[in-house]
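Here come two complexes built around chain A, the first alongside chain B, the second alongside chain C.
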Partner chain A sequence: MLIGFSARWPHLPVALFVFLILPLAVWGQLLRELGRTTLAVIFPFALSITLVQGFFYPGATHVIFSLGPFALKEEGLLFAYGTLGKILLLAGAGLLLLFSTHPADLILALVQHGFPNALAYIVVTAIQLLPHMQAKAMAIVNAQRARGLETETNLWRRSRALLALVGPLVFSALVDVHERALALEARAFSAPCSKTSLKELHDTREEALARWAIIVLSIAFIAWQIGGL
Partner chain B sequence: MKISVNDLHFAYPNGVEVLRELSFEISSGERVAIIGQNGAGKSTLVKHFNGLLKPSRGFVTIGDWDTQSHTVAQMAQRVGFLFQNPDEQIFKRRVFDEVAFGPSNLGLSPEEIERHVSAALSRVGLSDMREMHPYDLLPARRKLVALASVLAMETPILVLDEPTIGQDGRGLARLGALIDDLTQQGKTIITISHDMDFCAEHFERIMVMKQGRMLIDGATHDVFARFELLAEAFLEPPQMTRLGRALGLPETVTTVNEFLGAYAKTREPRH
Partner chain C sequence: MRLKSDFTTITLALIPVAIVINIVVGNIVQVVLKLPIYLDSIGTVLVAVLAGPLAGAVTGALSNIIWGILFSNPTIMPFAITAFCIGLVAGWLAGRGILKNILATIVGGLLTGAVAAIVSAPIAAYIFGGITGSGTDWLVAFFQATGANILQAATLQGLISDPLDKTISFLVVWIILRGMSQRYLSHFPRANNVIRS
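== the complex of A and B ==
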């Protein structure tokens, strides 16, 4: 990601995505998931950036074609391509990590490298709570529809319905937090001793080596690009 | 108002089949308890009664309405539905307003709403708490607020999903009396419950579900007499039924009063 972002050659982010992220995804048998999610993330960006930059990029002169007072310009499109490439790489790399690494493993690795336990817990619950909150939101929608709240009609009625949906979600989330805190303390979450973990990380020498190699490579590349050697 | 379920099948989009080949009718004024192991499909079934779920195959009609062609909000005029967790619906700052939410969705006039809400609150015993904030009440009371909010819609059919959870003896007695009273008014009551004693006391018909199918559907006495089939659905008959069986009473009893009656008979001198 760092390499792609610091590169002066505009094709590098896209190239990294195609020749690094995608093969890794194939290797991890995550291509379908990764491809679908990346597309879903990228598409709205692609549309808006291409249109906005293509037509309104400041100082652009090479007109490709005109549409009334608006003209599509080459510099704008190039800029859009550069930005999109970066977003593609960012999304691809991030999603690859998300799909290939169980949150618990990630947090455990972070904690073992000195990341505070409480912070790690916050990160991991935030990830794990999402499906839970989604289910809860669905249950609330159902409860209000069962009391005659029309959610299947026009926008005005639906926006009026919002309060009836957000209210219980926030209230019950607050109640949840309270109970969660009690349950954590009851299980000695903040006990002042070092913790052991049920999970074991399989961190091989090769993996550690690869991580160091990536860091060194990134720093070297950035130095090269900035220094312009 | 009659509920009619015809060859109902239901599968989630991922293909998991939850309900299979269900066909039955529930007439006006019946009291039906649906029992079964967790995951047997009880909640999935009752969610078809107000259209929250639509059949994958077959159909469900409430009176002359097919649930397929009506929104849940429309179905709410006919079927009241009490969910397990009151906190998933309560959002108003006064008990009164919370209970008035359903009736106002049905488009009733302010006078009618006032009348419905007052009646519902007095039914569940919360008349003097109408100005309170629902979240200042104990969870068991909040459940009663939710129940009142469903009662206030005055629907001919009521579905109660686990109404007894968290209620103490007094709450249970009140709930039982309420169910008996609503039946007097001709309302149909359908409940899901794991409390066999409660089912025995207040419900005349029991449906036993297992893995999405109807294992037994019959009168309470007949169903609770079938120990082997119930065991197959991982259920235990009510305490009194088991006690009566252990003492070798000649008939199946389900409630304390029935037990006492049958037991007294065995102690009478024979002529």
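== the complex of A and C ==
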């Protein structure tokens, strides 16, 4: 399945994660990667939300134990659990899509379904450009450090270092922009004809059907949720 | 909206570079300098000023989505909505000529930050329970302890950190635009936003 994913917020996101995302990951042989990254994404949230909402959830009364002026409360922990479930589902589903589908395939699918070609250019270029710019950024950081720029002192000095790092990076990037535009024009980027693609997608009728089924199901579920409230 | 005249070839060449600027500068600020701000919308503001609100909004939204893809972190993708609004507001303000004057630039940054805070608070509150997993979370805890509900706490947290962040972003963009030659700037569709005649 390529793009058959629609977000939804059911009552039991954790169950959905365990019984839908994980089997799909096993099927796609992505379980280890998915598990590791999901944990890495979830951990800061888990820590922060348990502390903040566990102790400070508004209107909570059931105290589990107290630590000086602070008290761990039951409602807060329940809320933290519910929210973490949602984040888990969001992260799991998103990562499943990322690991199973190469970004270029996804973009191509979107363009073939009517999104503008420019979108494909923007996304693919940005993805390819990022490693170069990051290398350049590190080169600038090292160059400025070599000239005596302090990047590890107090807050005020680090703030002043900002422009010395960001300035050269942005200027050099902007100088490239004009050249890129000329190169694009020379390759007939804005020509009003349809373009052919190097890559080909295999999208079967069953997959298209499954996508529609998921969309209809999700809408029905959301309608049921709203109606039931 | 001037759709056709804003999305020229040079705008299309600028947008991916601006997206990468957002990501790389955001990274430098957080990883190398460890400053307590995000500064992940310099590219968005830059595009909004040079190529109009819609181009800025597209840049902002795609930045968050691509950031999520490349760093395998889907949890920042919902904030694409915030970035979209930042682009719209920055573009609209630039159309009013705020980048011709440094004081107006600061005011514009504060305004954009307020809008960003108001847009991102419901996202943070309903999807993430008010938490972003970053250093500003203790502010949320503080406001909840003083009696605010989750949405209020998330809004207040945003109203403290976002205007500061966006004002610095606007100032950086202002400095960058001062440094570019008028001949270079005149290639962009909304060059009149910044060129003083």
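By our rule, the second predicted complex is superposed on the first by the 190 of 229 C-alpha atoms of A that agree within 3 Å, B and C clash if a C-alpha of one lies under 4 Å from a C-alpha of the other, contacts with A are read in each partner's own complex, and residues count from 1 in each chain.
In this text, contacts are C-beta pairs under 8 Å (C-beta built on N, C-alpha and C of every residue); 3 or more make two chains touch, one makes a residue touch a chain.
Treat the numbers as computed from the prediction; the structure is a model and nothing was measured.
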Partner chain in contact with A:Arg180 - chain B first, chain C second, else both or neither: second
Touching partner for A:Phe171 - first (chain B), second (chain C), both, neither: both
Partner chain(s) touched by A:Leu130 [first = chain B, second = chain C, both, neither]: second
First, second, both or neither for A:Leu163, with chain B first and chain C second: both
Which superposed partner A:Gln144 touches (first chain B, second chain C, both, neither): first
Dominant toucher of chain A (residue count), chain B or chain C: C
Chain A residues contacted in one complex by chain B, in the other by chain C: 151, 163, 166-167, 171
Residues of chain B that touch chain A when the two form their complex: 47, 50, 52, 71-73, 76-77, 79-81, 83, 85, 87-92, 101-102, 105-106, 135, 149-150, 153
Residues on chain C engaged by chain A in the complex (per definition of touch): 7, 9-10, 12-17, 19-21, 23-25, 27-29, 32-36, 39, 42, 46, 58, 62, 66, 68-70, 72-75, 77-78, 127-134, 137-138, 140-141, 144-145, 147-150, 172, 175-176, 179-180, 184, 187
Chain A to chain B touching residues, read off their complex: 136, 139-140, 142-153, 163-164, 166-168, 171-172, 175
Touching residues on chain A, where the partner in the complex is chain C: 37, 41, 44-45, 48-49, 51-53, 55-58, 79-80, 82-83, 86-87, 90-91, 93-95, 98, 103, 118, 121-123, 125-127, 129-130, 133-134, 137, 141, 151, 155, 158-159, 161-163, 165-167, 169-171, 173-174, 176-178, 180-181, 184-185, 189-190
